[in-house]
Every structure is written in C-alpha cells, then in structure tokens.
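Each of the two complexes below includes chain A, the first together with chain B, the second together with chain C.
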Partner chain A sequence: MIRPILHRVAQAVLVALMVGVLTFALMRSLPGDMAWRVAAGRYGYDITDAAVMEQVRHSLALDQPAALALLSWFGDLLRLDLGVSLISELPVVDEIAHQLGASVTLALTALLLSVLIGPPLGVLAGLRPGGGLDRALFALSITLRALPQFVIGLLLIYGLAIVFGLLPASGHGEAGHVVLPALTLAIGLAAVSSRVARDATVAVTSSGYYRFGETKGLRPLENFLRHGLRNIAVPIVTYLGVQLVYLIEGVVVVETLFAWPGIGHALVHAILARDVPMIQGTALVMGLMFVLLNAGVDVVCGGLDPRRRAS
Partner chain B sequence: MIRPSRGQWAGVALLLLLALFALGVPQLIPGDPTRQSLSNALLPPGGPFPLGTDAFGRDMVLRLAAAIRLSLGIALLTTALAGVIGVALGVLAGACGGWVDRALCGVADTLLALPGLLLVLLLVAIAPGQFWPLYLGVSLVLWVEYFRMTRAAALRIAASPAVEASRLLGFGPVYRFRRHYWPELAPITLTVGAFGSATSVMSVAALGFVNVGVRPPTPELGQMMIELMPYYNEAPLILAQPILVVFLLVLALNLIAGGKTQ
Partner chain C sequence: MTAFQRLRFGAALGVCLAAALITSPTVRAATAGKPDDRALTIVARWELKNADPSVNGYAFTRMEVAETLVDADGNGTPKPGLAEGWEASADGRTWRFRLRPGVSFHDGTALTADHVVTALNHARAKPGSLSKAPIQAITADNGAVVIQLAEPFSPLLSFLADSASQILAPASYDDKGNVTQVIGTGPYRVAEFKPPQHLVVTRYDSYWGGPASIAKATYLATHRSETRTVMVESGDAQIVFNLDPASVQRLSRNPKLTVQAVPIPRVISVKVNAGHPLLSDLRARQALSLAIDRTGIAVGILRQPETAATQLFPPSLGAWHTPGLPPLTQNVDRAKALLAEMGWKPGSDGVLEKDGKRLRLTLRTYPDRPELPPVATALADQWRAIGVDVSIAIGHFSDILSGHQDGSLELGLIARSLAVAPDPLGTLMQDFGPKGGDWGAMNWSNPALTEAIDRILRSQQAEESAAAKRTVGTILHQELPVIPVVWYTQTAAVSKTLKGFEIDPFERSYLLSRLRWVE
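After this line comes the complex of A and B, so read on.
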C-alpha cells in the first residue's frame, strides 16, 4: 500500500516541476513587453503610458533575472502561495478556490453519470455477445469515439436545449445547469467504458469459475452477483484511471463551451490574457486533481481486487 | 504481414477520399480560402459555391479543403516525429535494460503526469498562433504511447532465443533490428500511429475551438465551428460541415487502428 502512494506523491511533485518550468519558459519568451500588456489590461489601453508601465514592471518584479523568478516560484509554492493574478490583482489561490468547486462538481457529476450509463449497458451487451444490443452499442461507441467532446456538447445543446428546450444551454448556479456539461463528458467516457465492461463481461462469463457456478446450480442472478460483478468491476475501475486524462482535458474544453466558471475556463482565459500566475496556478491545480483522482482509482482497485493488495 | 480487416480497408478508403478532396479542390476550384466577400455571407450550398459560404462570405469548399490539409499535415508530422523517436527509444530501453531503461521510463512517466492537452495548452501559451508549439506539444504527448508499446514488445523480443543466437553469431544491432524487432513492431506502430493521428486531429480541433490554437484567418476545423456556431439557426448546413469532416477524419483513423478498445 505504501508504494502506490509514494508513486502518486512523486507524480504530484513532477506535475509541479513541469508546470513550473513550462510557465517559467512562457514568462521569459513572451513577445512584446509584459509590463505594457499587464498595465493595458488593468487600466485600459488609453491611459497606459511609460510611467504607469514602469510602475507595473517594478511592482510585479518583472525586471528581475529569470532564475530568481523560478526559484522564488517554487519557494512560494511550498508556502501554498501561488502569487497574484496580473489582471484581477486578486491572489491566485483565492481565485482558484472560487473556481475549484465548480470544476470538481462538474468532474465528479460527469464521472458518476458515466459510471451509471456505460458499465451497466456494457454488461448487458456482454451477457449476450453478438446480440442486438451488443451490435447497436458497438456502432454507437465507434461513432461517439470519433466525435470530439465539444461536438458532443454542441449536439446535446442543439438537441436538448434548443429543439426540445428541456435544459438550459449554459450558465451556472441552478442544479439543471450542470446536467448538459456533465452529460457531454459522461457520454464520451461511457462510450469507452461500456466497451471495457462488455469485454470484461464476456471474459468473466466464459471463464471456468463462472461456468462452475452455473453447473453447481446457482441461479443466473446469484451467480452473476457472487462471481461476476466484482471481477468485471476490476478492469472497469482500472480503465477509469486511463480515462481521467480524457476527463481533465474535457473539463477545459467543455467548461469553455458551456461558460462553466471552473478552472478549465479560467486556464483558457488566462492563456488568452497571458496572465502567467493564473496559468501556473490553474494548470498546477488541474494536474494535481488528475493525480488525486488517479490515487482514488488506485485505492478503489486495491479494495476490489485482493490480489493487488497482496502483491 | 497481417491481413487488414474490412473495417481497416474502409478506414483507408475514407481517409484517401478525404485526402483526395483536400488536395483536389485547390486544383479544380482556384481561389483563396481567406478571401472575404460580405455580400455573399452565409449562402446555402449550390451555385458558384458548392458548399456555401461562411459568415464572412468565404468559400466553404476551399476552407474545408485547406482545413483538412492542415489537420492531416499536423497529424502526419507529429505522428511521424513521435513514431521515430518513440520506437527508437522504446527499442533502446527494451534491448539495453538497466539504467538506460530506467532513465527513459522516468522521462515517459514525467510526461504522463500531466494530461496531454494541458501540456499542449501550456506550450501554445508560450508562442500563441505559431505552429511549432502545436507540433512539439502533440508529438511530446504521442511519443509516450509509442515508447511504452515498443518497449514492452522489445523486452520480450530481446529475451528471445532468436535474438540471442543472432547476437552470438555476430550480427550487428542494425541487422538485429531489421530482422527480429521491426517485423513484430510494425503492426504495433501502425495501430499506435493511427490512434495518435486521431488524437492529433482532435487536439488541434479542440485548441481551435477554445480559441488558442491556429489563429484566424487560417482555416481550421475547430475554429470554423466556433465561428459558425452563432449562425446555427440561419445556416445549420454550413455549421454541420466542419463537424462532419472532423467526425469522418477521426472515424477513418480509428477504423484503421482497428475496432478494438485501445
């Protein structure tokens, strides 16, 4: 149990290092004068002159050497200080704390929805391989996997929000608002997890121990619950770990599409505005969220599969 | 040589069709995909504009063809770069073992620590509107998969009696690679490459969609969608075109990779 935890801690440190070095390179390679851009962003292009620019340059320590900036960033990071947004002048930690809740709500709702949609359908298809449901799901899964998340989102908006008017197309605050963005992510995830569940079901139901369960007289449902379910769950949960990449990437795109006020949305905005501390902070938190969710998958896998705990 | 399945043939045919469209259109219909003509905005398909025009009156046929060339070009370049590096390092790690293997696995693990699109986004932020961060970022994401698959196979091949005998007989590394490693690695490379190209097409479209990828007026599929989205009601057929093209591109590449889950 110690090794996987150490592995994830090491991964978290790597994420911090990578984000740090990349944003550091970003800071140094920006074309044009950073101070001017920031000053114009804060006070407007009309009243920005050389004096205001120098003041901004000084107050943000933009005139200091490069290596010092990198070192001080890591020092600040250890004290959980992510700096101040160049645009809003609010501490990055506060901004992110504000947005993190929205992103976590979206990600977890999507994960939950995908688990409710994908694996049950996959198991049903796998119990009757080659049947109508199996073939229909296969076609659907291939189609959905060829659609980028934002296209699934667009189609959902068009279908559910515009044609039928069932759900709000975008916005935040009421419970209904989370459904479309979460469903967009969930459908993409379920397209793959249903196939994994289907293959696992086929493998388990054709295995020796499952056949033996039937032979010794267990009713089909009883046999499935006692010998099937847990064995099928292991590859599904393992695969969930692989899919987390898709989830985190999806959060960036889907939040932008639905104007969902989360970290992904903030990251895209920060990139457009070249708000380096915000880019650093949001990328870092998203990376850490990825590591944390992976650690969660590790724990669930260990709980489901005693063979893993032993090894 | 493994015989391609029906699905794979269908994928190849679809991809060739799209490539033919992308390369043939500029030969048949001369014109500039960025040329605006506001009096011809949002024309339905037909007449002088076979696929209609967008909100700036730009010819959709020319724009789609240019966008496909861009997407496929980036996909080809990135998968080729990632493939050469990934396979070379994978064989190196698998065949050498020891600290070479550990060091290379460390590099791969580092890159896997961050979701791919995040890495590409950070690189794109460094030089917005330029192509090299796209190439570099997508290649960095893609080579890891090549590396891991190749390494796993190379570990097995390196331990096989055939390779051992080959080494004892005094054959050099180049011969061993050609004779023993490549025949087994080639099908893996094809599968990973097709999946990788699909990832590349999707990433570039996603970046265009969130407005941080290729800059306008260069035609790009994701960006065309976001540009046309406000007109979903007036010109649904125009908006549907880039969506359909991305779908067909990714579908073709996924079919080539094989119908199995990755």
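After this line comes the complex of A and C, so read on.
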C-alpha cells in the first residue's frame, strides 16, 4: 500500500519541477518583449505606450536575469506561495481558486450529467446489439460527436433559454447558471461514453463467464448485476477519469459561450499577456490534478476489479 | 425477459428524471422578486482585472461606484462632480476646487480635501491622464483642493474627469498606495467584485444626490457578442453593449427590446511610418487614402453607413470637427496618377514597380477589436487595385507600439480612442507631439501643428482655442500622418422593462442612477 503512494508522491514532485522549469523556459523564449505584453495585458490598448511599458518593466524588475526569477519562484513554492499575477497583481492562488474552482464545478456537473445519460443508454443498447435502440443510439452519438460544442450550446440556449425560458442563457453566480454549459459538455461526453459502455457490455455479455452465469441458472438481472456491471464499469471509469481532466482544461469554447469564469479562458489570457507566475501556478495545479486523478482512477478500478489488486 | 424490461424502464425513468430536474422552473424562481428589488444585469465585453483605478477605474465609474472631482456632460464639456465649482488664477497656473458639501464615502467617512489630495497624488503616480499633466503640487487649503501647475494647461479639468483620477476613501489603499477595494462616493457601492467577470453593486442610500431607483445591478463581462445577444433575448440581461452588426438587425425586430446606437470618439485609422522611403512622400499617403472605399467598409463590415470617416474627428467631437474640410473620398484614378507621378509603373501582374523594386508594404493589426482584421483585408484589396501589394500581419497590439519604437512598422491599422479623458487634447498631445506618438504620427511632425496644440493648451479663451482646433484638424487632414477610415458607434440593446436608458458617448458611465423599472 505504501509503495504506490510513494510512487505517486515522487511523480507529483517530478511534475512540479518539470512544469515549473518548462513553462518558465517556454514563456521566456517566446518572441516579443515581455514588458510590452505585460503592460498591454494590464492597461489595455487605450493607455499602453512606451512610457507605461518602461514603468512596468522597472516596477516588476523584468530586466533582472531570468535564472533569478525562476529561482525565486521555486523559493516561494517551497513556502507554498504561488506568487502574484503580473497583470492583476492579485495572489495567483486566489485567481486559481476562483477560476479553476469554477472550471471544476462545471466539469464535475457535466460529468455527473453525462454519467446519468451516457452509460445507462449504452448498457441498454449493448444488451441487445443490433437492436433498434443500438442503431438509433449509434446514429445519434455520431451526430452529436460531429457537432461542435459551440453549436450544441447555441441550440440548447435557443431551445431551453429563449423559446421555453426554462433556464438562464449565460452567466455565473446562481445555481441555474451551471446547467446549460454542463449539459452542453455532458451531451458531447455521453455521446462517447455511451459507445464505450455499449462495447463493454457487448464484450462482457458475449464472454464465457457471463454465459456460464446464464447456464448455471441465474436470472438475467441477477447475472447482469453480479457478473456484468462491475466488468462493464472498469473501462467506463477509466474513460471518465481521462475526460475529467480534458473537461477542466479544454472547455474554453463552452466557457466563453456561457460567460463562465473558467481556467481555460484565464490561461489563454495569461499566455497572451506573458503572466508567467499565473501560467506556472495554473500548470502546476493542473499537473498535480492529473496525478491525483490518475491515482483516484487506479483506486476505483482496483476496488471494482480485484484482479488488479492482486497484481 | 421481464427483468430486462424493468431495467430498461428504470434507466429510461432515470434519464427522464435527470432531464426534468435540470430543466425545472424552480431553478429560475430564485431570480424573480418584487419589482422594487429586482436586480439589473448589464453585459459588455470588457473584462475586469483588479481594483486599481489606473487599470480598471472605468468599470467603477461606469457602474457609478466611484466619482471624479470634475464630471463631463454628453458633449464632453466639464461640469461639477465632487467639486461644486472651481476658479483658475489669471496666469492659469493655480486652480482652486471647492468641494461639494455633504458627500460621504460608502464606509461612512465624510469627504474632505485631504482625501481628494491623497487620491489624486496616488493617481498621478500611476499611468493615466494625470501623470501627463504638468502638475507641481496638489494641496488642501481651507477645505478646498488647490492644484499648482508649472504652466497653463487647459485640459486639466478633462484629466480630472478621467476615471483613473477617481476619488476613493482612505481605507481603499494599502500602505504601499495600491487600491485593495473600491470605496467611492457614488450612488452605488460594491457588493461583490470577482474578476474577470463579475461586479455586483447595490444602492448607496446616503448618496449626496439622493438614492437611485434601481436597488441592485450586476455587471457581467463576456467576450462573445453571440452570448450577449442571447442573454438580452432570454431576459437574463436587461442591457447589453457592443452588439455585432448581425445582432443589431435581429434585436431591432424584437418587440421586448429597444436598440440604441450613438457615435463615440473612437476612430479606425491607418498609422503610417512617414520615415519609410515610400511613405515619406505626401503623394503616397494621399494615394493610399484615395484608394480607400470608406463607405464600402462602413456598410459592408460595420453595417453602419454613417460611420465612414470624412476626416479624423467625428462630428460628435464638437469644436474639433472642422466642417469646411473636403471630405475624404475614394478616387482610384487620382490615386494611380499620384503614384505614377512619383515614378511607379505597373509590372506584369499589376503591382507597381520602380527601379526593379516592387511596391510592397506590410500592414500590422490586432484582433482585440474583431472588426480590425476584416477592415485590414478590405484595405489590402483596395490598395491592390491601385497596384500596391500589401500583406497583412495580425498579431498583438503591442507589435504596433514596439514597431513604432524600433522603426520596423510600415503601416498599422488601429482603433484609437480620441478621448480617454473627455477632451481629445490629451490624446492629441500624446499622438501628434513634436516626436510623434506610439499610437499616432511616426517620423512625422509639423511645427504649425505643434504650435496650434500648444496654443490650445495655454488658451483660456474659447474663440482662440476653437480657431487653433480648426488648424489642428486641417493640418492632420492635409498631411495624413494617420489615414482615417471609419468612426465608431456604440450600440446597446435594452429591455423595455426599463426606462431612462441612454448611452454616454464618452463611455464614462452606464447612467444606472437615471434608470427605473417600468411599473
């Protein structure tokens, strides 16, 4: 039990080192003067000029050697301090808490909705491969997967918010605001997770052990619950684990469409404005989330599949 | 197979329940309320950054949280703000501002001259208009605020009306002089500030001008104009700004909404490197200007025909707009003739050549204003028609500024605000000074223009100042250090549940305190 934990901790430390050095080196090696970008990100196009840029360069000591800035970032990190954003001058940790927090809320809600929609339908389709539901679901999942999230989002806004007025179209701050963006993401996810569930179901129900269960006289539902469900769950959980990370970092389009304050959007702005501490902090937190999530998926899959624990 | 049927039924029921739950009307019930405490939502594209007035001050003056010593009316003319009046000394170097009595900050502190002095000195130390004024000292004297200038400076009042010069309570600043929270004097106080998107304000009942009608308002920043459009259509927002042209047409047909459009002092223009061997010749700049189909761009891209620029200053800028100037128009033949006069001859593919060199230029622009890249494409096409081969480089707006500094810029397509402070003089000093400006002239200056700007700066007489303004307009029009293309219009869609809505052409305020809910 100790070894896997140590393994993950070592992985986390490695991730922190790599992310810190790589993001720093990449941001510093981008073409263009960093002071211009920071001044522009802070003051916008109406105020920024050469004088403002020089003021920013001076006040942020951007002309100091790069190695010194990197060392001081690691020094702060040891004290669990992620530093201050060059643009907003607010603590990076607060910005991440607000924006990554919003992204995680959205991602988890989307995941929950997709679990309610995708796998149950997929399992039903897989129990009767080639049946009406299976074929209909196949067509639907291909169509939904082929539609950009932007289009799904607009269709949902148009239907549920404008025509029927059931839900707020966009925004952030009230409980109802999360539903439409989450549903947009959930539909895309469910389109795939229903296929994963369907294929897993077909594989399990056509396996020898499942047939044996039927032969030994178990009723179909009993057989499904005892021998089917767990085996089907393993690939679905693995798939969802990967999707969650993808959701957290890759939903910029949905976030901007629904005016949701997410980390994807924040990261794009931070990169444009060369907000190095913000980028380093965000990349670090996301990298650690990857490690944590993988560990979580391992634990859940181990719980579902005793053979994994043995190995 | 009954078990399967049960399972299938159960799963179907689960899906239905989930769908019912997420589309339940109870989710929305929380937003409704009594008419009086209904909250107003305003959506625009500008993201919030922090509480620093030099960075984000405009958000707090627009939401009427913070106020300035001097205010401005819809024409940009100074009017009393937190100062109820002012006097300038005969030499124009000492200004004395009398404070309005009975003003309190949102934390209950009464406004004093010392508070104003502190706030203005903080503002001077940061980027913004005030840092460019020749101020020697700001002091409190017997309840009044006295500003001592090194030389007469007519735009002082306008600079004091800049949102970066807002007056905040002492508790707003930390020990380093940075603003950590905005405690202003306006009719609304900050209830919640969550950058980059959210600012919630509530009515300040002890406001010196009397309490506002709307109790609570939310500002939401969202980048996509489609999102803003659906928000006002669905009733999630009552006021949305910066509509895209297609949405203007659609929302105008919506019976629940009114669409307003007001010209604002911002102009899309081509910044020209007049030190470039080709562009230093006035005829080349004239040819580029004559090739532009401004009406085509205004109609085809902005879909607002009246925005085609006839000169740099739009008519809404009062004395700066010079009525007698011949309007900038398209004349392709004349443009070709000017270039031919300079010795350029069409090559085999129609691109002009001289001494074996092709006429090639690069136009830099940026996507922060989404209309700029399509305007750049249209310009390149129109210039190609007179034989000038222009390639477009879309990058960061700072590439234009750094290109000015290192001399590598040839042409830059920019959207320049002529009035960051309500008086354009601040912008003109910066853009057309003796050494040019990052956002204005490049390798170009004109002693008569410098002298005219100087005269306006020192002038205390409206007539003398107006004559000098006409001189400025005329020189810029004839010399074309920047080539104006189109002016801007601010658009907004407003729910008919509100009355009293107006767009401030100087974008200083959303004028929330004038709004009321329709009974």
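Going forward, the second predicted complex is superposed on the first by the 240 of 311 C-alpha atoms of A that agree within 3 Å, B and C clash if a C-alpha of one lies under 4 Å from a C-alpha of the other, contacts with A are read in each partner's own complex, and residues count from 1 in each chain.
Assume a residue touches a chain if its C-beta (ideal position, glycine included) is under 8 Å from a C-beta of that chain, and two chains touch if they have at least 3 such contacts.
Just so it is clear, the structure is predicted and the values come from calculations on it, not from any experiment.
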Checklist line | Contacts of A:Phe290 with chain B and chain C, given as first, second, both or neither | finding: first
Notebook entry, point to check: Which holds for A:Arg219: it touches chain B only (first), chain C only (second), both, or neither?
Noted result: second
Next item on the list: Quick one: classify A:Thr256 as touching chain B (first), chain C (second), both or neither.
Entry: both
Next item on the list: Once the structures are superposed on A, label A:Thr105 by its partner contacts, choosing first (chain B), second (chain C), both or neither.
Entry: neither
Notebook entry, point to check: Touch check for A:Leu154: first (chain B), second (chain C), both, or neither?
Noted result: both
Next item on the list: Could you let me know whether more residues of chain A are touched by chain B or by chain C?
Entry: C
Check: Which holds for A:Leu267: it touches chain B only (first), chain C only (second), both, or neither?
Finding: first
Notebook entry, point to check: Can A:Arg145 be said to touch chain B (first), chain C (second), both, or neither?
Noted result: first
Notebook entry, point to check: Taking the contacts chain A makes with chain B in one complex and with chain C in the other, which residues are shared?
Noted result: 154, 158, 162, 256-257, 272
Check: What part of chain A is in contact with chain C in the complex they form?
Finding: 32-33, 36-37, 39-40, 42-43, 45-53, 55, 87-90, 98-99, 113, 116-117, 120-121, 123-124, 127, 154, 157-158, 160-162, 164-176, 179, 183, 219-222, 224, 256-259, 261, 265-266, 269, 272
Margin query: Applying the document's contact rule, which stretches of chain A touch chain B when the two form their complex?
Written below: 11, 14-15, 18-19, 22-23, 25-26, 29-31, 138, 142-143, 145-151, 154, 158, 162, 192, 195-196, 199, 244-245, 248-249, 252-253, 256-257, 267-268, 271-272, 274, 279, 283, 286-287, 290-291
Notebook entry, point to check: Which residues, counting only chain C, touch chain A once they are in their complex?
Noted result: 1, 3-4, 6-8, 11, 14-15, 18, 22-25, 27-28, 30-31, 41, 43, 47, 49-50, 52, 54-55, 127-128, 164, 178, 194-198, 200, 218, 220-224, 226-227, 230-231, 233-237, 366, 368, 396-399, 401-402, 404-405, 414-415, 417, 420, 430, 437-439
Checklist line | Residue numbers on chain B that touch chain A, as the complex places them | finding: 109-110, 113-119, 121-128, 198, 202, 205-206, 209-212, 222, 225, 229, 232, 243, 246-248, 250-251, 254-255, 259, 261
